[in-house]
Amino acid sequence: MPDVAVSRVEHFNAAHRLYVPEWSDETNANIFGKCSNPNFHGHNYMLIVKVTGEPDETTGFVIDLKLLSDIIKQEVLMRFDHKNLNLDTSEFKQINPTAENIAIAIYNLLRSKIAPALQLKITLYETERNFVEYPAS
Amino acid sequence: MPDVAVSRVEHFNAAHRLYVPEWSDETNANIFGKCSNPNFHGHNYMLIVKVTGEPDETTGFVIDLKLLSDIIKQEVLMRFDHKNLNLDTSEFKQINPTAENIAIAIYNLLRSKIAPALQLKITLYETERNFVEYPAS
Amino acid sequence: MPDVAVSRVEHFNAAHRLYVPEWSDETNANIFGKCSNPNFHGHNYMLIVKVTGEPDETTGFVIDLKLLSDIIKQEVLMRFDHKNLNLDTSEFKQINPTAENIAIAIYNLLRSKIAPALQLKITLYETERNFVEYPAS
Amino acid sequence: MPDVAVSRVEHFNAAHRLYVPEWSDETNANIFGKCSNPNFHGHNYMLIVKVTGEPDETTGFVIDLKLLSDIIKQEVLMRFDHKNLNLDTSEFKQINPTAENIAIAIYNLLRSKIAPALQLKITLYETERNFVEYPAS
Amino acid sequence: MPDVAVSRVEHFNAAHRLYVPEWSDETNANIFGKCSNPNFHGHNYMLIVKVTGEPDETTGFVIDLKLLSDIIKQEVLMRFDHKNLNLDTSEFKQINPTAENIAIAIYNLLRSKIAPALQLKITLYETERNFVEYPAS
Amino acid sequence: MPDVAVSRVEHFNAAHRLYVPEWSDETNANIFGKCSNPNFHGHNYMLIVKVTGEPDETTGFVIDLKLLSDIIKQEVLMRFDHKNLNLDTSEFKQINPTAENIAIAIYNLLRSKIAPALQLKITLYETERNFVEYPAS
């Protein structure tokens, strides 16, 4: 029987700035445009965490979505919600906080908290019109 | 040439209760929390049915979405809309009506009504923030 | 200076049945159709609570939306979320749980918890396509 | 004949911090919670500008929504989009950038750019679940 | 006791062209831009019909939303859905099919079908970002 | 390390008619129903363009979404927005403008503008309830 995927949607609000420290301010402005504003800007991020596996025969759950929501709150929202991603977190000290890199960081934060038999996928909306998925397939 | 997928979105409203009959009420309450309220609660389910195949050379359709909508109404909405999934349906007499199990039941109801050359996938939103997919890939 | 309105969106999931106890089952079925299914059906209700008044000169708040959210959780969600509105609540023992009557009940539950100088308005979505407002203006 | 209202939806992304300079950091943290994080957080603001009046007999327009969109971009988005509302704008040097105060500021920026015979109303979503209206009626 | 408002959301898809027949093609293009493309373009219109009054003491309904939906389908959708508003309807032979004028036409089509004691208001979305209301208040 | 997918959402409004020129008007009406109205109808199309690959180590971008948006505007929106797909475009002179065929046409317009190392996928919503994906997997 094929696997089932279950997904939980969560939200967080954060400030960030796209910025490569090895580059001059002028190069950062050329490459990242207004996303490199030195005083930061911010987003309401919408996060979708998908967990794929076999439903338990008795409960019918792949994973209890209440439990998944608690794990996301503990591991992701407590770190990133109402924070400045560049200044207040350890994840983006050396890494540019693009949507791609935030999605990879969230995957890495969650992977060890989900049973290894279950697959994990992250979808992150930076705005209603820009979003990323990791892993892509 | 790669296949094309077409999807139709439908809605139904139903009551349910998460409940394993072999368990005591206390165990059901511990595992399923307020989702096990003995008097039921309910949802506006959003259902997405995806059909994948080769578009017909003349019409340009993989499947006529009006026809697909009629099949979903006949096979799924007439069974589940404005019903109590635990009490009013045969599908969830022995099986816990989790979103996972409802998606699998909908797949099984529709599979024989869609031409075998076409692939079928079900996505079911229980709330805006909890949804499932079957098969997962 | 004109007043400012602030709104908070919350959600709850409940079962209900439209039903007038003085009527026969046949009359209930004729008037309320499948909404009168004896075993109940359910909805994801979306609730918007609007509070109107003058923003505080120092804080800039009409009302702290975190506080408003807590009041709604305490007064409305604890009563109605994951409940059967007909069987599990005192509000709909004698009154038909139409969206209109649920909105009026929520207004009455919240009115005394909000400062009298502030105006209150309830908007309640029963589905994405059916919603009510009280008071209307 | 009654008036007609036309509305245009726009979006901007900004960083901000709720903060009263006359208060200690401790008081700011007590009153504004995580919204007072010193390194800022941010939002995708959704802005709805409503203009009410009589449609022109020939064109059928109350106001050309393309023109209204251009005015909003010129007056509001160029000031606030991808900015830090506390540091990068003159409007919130002395005023706390709550959603209420941002809506009032946007009203004041737009009022003189819209013909006096037309009424103006601002709706501002800070998140999907928190929004404000000015003037309230 | 204040009145209650109930609203029903419906959708229709139509082609149109903004065009004043007394004007030259050049003037039409200058004023209406690409909305005046001679071969038409089209929209998915979202229509919200709001009816305001006193709920019936027994049923709890201001108006049965199933009945309201049927009236809208009969009077509006059968006229406008999958039609060319300029060519296929009598309403826009002499009148420019702006969102403002379509909302007024819908109001006029529905007004006599709704009991006179009930107030009526039309909201029409031409796109997700452009919408109109009639009457405005 | 797995690939990352980034997506950009754009919108366009167009008129179309489903129609096979080799068929009689009667056959077209039988097969395509009201979608074959000779005077056309129209839609607000929502287009999602997904690009999959490895993020650049320095910028953290798979592709700059501002650049992707510009490519979509240049190649797709300038061709299709506010146009009659049957009459105003070369793509649908011989091919029925079903959602399936529009998605394939958009894929073909964009494929050569995106670096060959990157995968491309098109999702096209014709209405909120009907959408297609190409390639399907």
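When the chains are written out, they are named A, B, C, D, E and F in that same order, and each has its own residue count from 1.
The rule we apply is simple: contacts are C-beta pairs under 8 Å (C-beta built on N, C-alpha and C of every residue); 3 or more make two chains touch, one makes a residue touch a chain.
These numbers come from a predicted model, not from an experiment.
With steps allowed only between chains in touch, the distance from chain A over to chain F comes to 1. Looking for a copy of the E-F interface in C-D, B-C or A-F, one arrives at B-C, which has over half of the same contact pairs by residue number.
Distance from the chain B centre to the chain F centre is 28 Å, each centre being the mean of its Cα atoms. Chain centres here are Cα means. That of chain B falls 41 Å from that of chain D. Taken residue by residue, chain B touches two or more other chains at 128, whereas all remaining positions touch fewer. Taken pairwise by the contact criterion, the protein chains fit none of the simple patterns, being neither a path, a ring, a star nor fully connected. All chain pairs that count as touching, in label order, are A-B, A-D, A-F, B-C, B-F, C-D, C-E, D-E, E-F.
Across the complex, chain C is touched by residues 18, 20, 22, 31-33, 95-101, 103-104, 128-137 of chain D.
For chain B in complex with chain F, the residues that touch the partner chain are 2-10, 50, 52, 55, 58-62, 65-66, 119. Interface of chain D with chain A (complex): residues 11, 13-16, 34-35, 37, 39-44, 81-84, 87-88, 127-128.
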